[in-house]
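Should a chain be cited, it is by its letter among A, B and C, assigned in written order, with residues numbered from 1 in that chain.
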């Protein structure tokens, strides 16, 4: 067997045969051992922090890759204070996150669309009840390469490009494109577990999950869409607005005409609803069981209290003041329900 | 040594005063060690078992015909389509470019090291090759996306430059990755050729070129071919380089400038996305995994057969 | 054979007495091709390393090792990844050392090569060495993370999966080491009345420790660089804290480098490159430690 022979010979040489140059190798190993020792010894985050309350435990969050950056920012800020609470944030996608949530595997589910009927059923089967809390607003941005002269796309054009069965392969085939552009069309988009995928397909193609399949499927890794569109002149993709803000200059967002004229996505147009139909709220869904734990409650309060700042930090569209007070009320009511039960 | 092992020495008994008593301690130890060795059998069994169940369930839902003969690969969509050909072609496409680099240049490097190089050069170059083999694939993947792809796109002169994710970058980098394996194994095979053959060739007036290519290489053919097959195996099974550099679109094409998805990339991308156990998407991972495992298994069998067939035994 | 003879053989055929220009040219062209072949490998290696250094140098500092990963590039580091890798390797070593050495001892000292079950074991080990690493990931996902063991995507699951991956290598290296022990040692012990296990424990194993250690370190260095199985077994959660134990979620060095490589911001590319440098240094030093161990004990044994 070739691999076996290969290994055998390699190992034989090392174990039996002539010595190599020890001195230089020893020096290198010393250097690397030093590197490893320093790396293993340092406990950077959270050590030595005072923290008022004695909170401890692990909070598991999973779900949308769009919402994840805010949750990560909340987690990082929250963990800077009480040292014993660990918050982990996964990105299995809105759908994947709900699956785990409804099995009781996670405490909070990130979602870039509202929970669906069948997911609610699955959760109630396992006796998991939850709350829906809006933490930020978002617009789905349609990303184009900076060299693409097109600035505005109508929803009809988007449907023509993205709908199931579409075989548009070049920008020149798009109806009524202004100005004209002849590059080959290269599509990048999220996978079917993504809330962004669900939302976009429903808003543009009329039915959730309905879309052509011959596109670069980046799964939950929206950064690959950024890279893909950035690197292809005729490239086009869609993801949450934060990715545009994060990659200023590398991409541009198309204005979307939903019937009321071309509207560019921005904090204002998303908050006042004029960026239609691609504006949406972003949710977190904590389970009632998890909220009963003090560290989770504290985290949620922290999250909502700082939601606007966190959203801005993560380049999202922050909550309106109205939305924020609504969310805070919900958190309070969760707490008082708990008190009532006790 | 072999026969001595299983004989009287290892029989765990004690002879004393004509009575033969079994030594239970020895027997126990032997059993424990046998169990350790059996873990390897368990692993193979585990791999096959983990693949077979879901694969059978998969093919109860999806016809063999659709899987092997249709060309639309969209397993996560509704309605899902399961034509596996695009990702198989993607794998073979990248493998082709990898072998295009690794086979000729690996063999060339081996011939040089074995026949031409001065001992000092050989002592420096051989360790460099060994180091190349030990570099983790993530480093090669990083190299492909951050250096090779931009370079190719900048220097491309014939028609449309390669896409941001393309077959060629992944293939070339994989070629450099596999080259040391081919070179090492071939060189070992050529070193094993007895000197007498070479001397005979030179004595008959052959030039170095002639002796190398007409005497040494044919004599070492079994090992050389084994190295090619091993390179092929490694190329097919490689995951990280293609995941980073080749793309995520099940695109049926032979154009090396386009993005494709390989079987390994599909498994990695879908499997790391936390699909629920029992869904058809989950089972698709196993079906493709079975296909991959079967291909590498068959390739290995072929390599054994080839080695046996062409092996020249020297007294 | 004397050096002069070696040289003569080497240079035989390099000069063609019947100087026909075409043949000479062919000879030179062939040599050129060969040197080019070697050059591709060397140039490839050098470019890879230099490029990683050039890209990663700005971020190659202590903060890289002590900062946890972060979505903000200025603060992003590799701490949890390094600690995760260390945890994984400890786990792999714990699992693979007894099983691998045990299997090697059995195959070298006890097994009768004629019996079918022993041949089955040998064939199995050879087959496993050729299985793609992603298939081990599938095995881990199906049986260790989910399924019968159901450990979840924790360090223990990662260690077990990687252990199975490198087991064939460890067995092979240990067998080599055990085989290298001169039979005089065994026979002497047996002649003095030792049982087989006593012989192995007191004579054979101690003599083969350097070889086994070398093999272990080589296998561990291979396991450190594996990304594919961890993608399926560890999940791509963004872990910023170090794992607290073997039943905790984790990230590892190759996984984190992978994560940073896929991000489009240029600063992340620098961090990823720095991570690649860290990995390369780690691996080179592990390999050199292995070689040094072997050398030192080899000299010791020769003196004896």
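Keep in mind that, in the parts below, a residue touches a chain if its C-beta (ideal position, glycine included) is under 8 Å from a C-beta of that chain, and two chains touch if they have at least 3 such contacts.
If you're wondering where the values come from, they're calculated on a predicted model, not measured in any experiment.
K.L.:
With chains as vertices and touches as edges, which is it: line, ring, star, complete or other?
P.N.:
Shape = complete; every chain linked to every other.
K.L.:
Work out the mean Cα position per chain and let me know which chain is farthest from subunit C.
P.N.:
So the farthest one, by centre of C-alpha atoms, is A.
K.L.:
Could you please state the distance in Å, as a whole number, between where the Cα atoms of subunit B are centred and where those of subunit C are centred?
P.N.:
One centre to the other, that is 16 Å.
K.L.:
Could you please state the distance in Å, as a whole number, between where the Cα atoms of subunit A are centred and where those of subunit B are centred?
P.N.:
Centre-to-centre distance between subunit A and subunit B: 35 Å.
K.L.:
Quick check on subunit C: which residues sit in contact with 2+ other chains?
P.N.:
125, 127, 130, 168, 235-236, 262, 284, 287
K.L.:
Specify, in ascending order, the residues of subunit A that touch 2 or more different other chains.
P.N.:
1-3, 20, 62, 90, 224, 227, 230
K.L.:
For subunit B, jot down the residues that touch at least 2 other chains.
P.N.:
As it turns out, subunit B has residues touching two or more other chains at 230, 233, 274, 300.
K.L.:
If you look only at subunit C, which of its residues touch subunit B in the complex?
P.N.:
The contact residues of subunit C facing subunit B are 1, 6, 9-10, 12-14, 16, 23, 26-27, 30-31, 33-38, 40-42, 44-45, 47-48, 51-52, 55, 98-103, 105-115, 120-121, 124-125, 127-128, 130-139, 141-143, 146-147, 164, 167-168, 171, 183, 190, 195-197, 221-222, 224-228, 231-232, 235-236, 254, 257-258, 261-262, 269, 272-273, 276, 279-280, 283-284, 287.
K.L.:
So in the complex, which bits of subunit A are touching subunit B?
P.N.:
So the residues of subunit A touching subunit B come out as 1-3, 5-6, 9-10, 20, 62, 90, 92-93, 96, 99-100, 184, 186, 191-193, 209, 211, 213-220, 224, 227-228, 230-232, 235.
K.L.:
In their complex, what parts of subunit A are in touch with subunit C?
P.N.:
1-4, 7-8, 11-12, 14-16, 19-20, 22, 25-26, 28-33, 35-36, 38-40, 42-46, 62, 68-69, 72-73, 75-76, 79, 86, 88-91, 221, 223-224, 226-227, 230, 246-247, 250, 314
K.L.:
In the complex formed with subunit A, which residues of subunit B make contact?
P.N.:
72, 74, 76-78, 81, 127, 130, 153, 160, 163-165, 181, 184-185, 188, 223, 226-227, 229-230, 233, 247-251, 259, 269-270, 273-276, 300, 303-304, 307
K.L.:
Which of the residues in subunit B end up touching subunit C in this complex?
P.N.:
Touch residues, subunit B against subunit C: 1-2, 5-6, 9-10, 12, 23, 25-26, 29-30, 32-41, 43-44, 46-47, 49-51, 54, 101, 104-109, 111-113, 115-116, 118-119, 125, 128-129, 131-132, 134-143, 145-147, 176, 179-180, 183, 195, 198-199, 201-202, 206-211, 230, 233, 236-240, 243-244, 264, 267-268, 271-272, 274, 277, 285-286, 289, 292-293, 296-297, 300.
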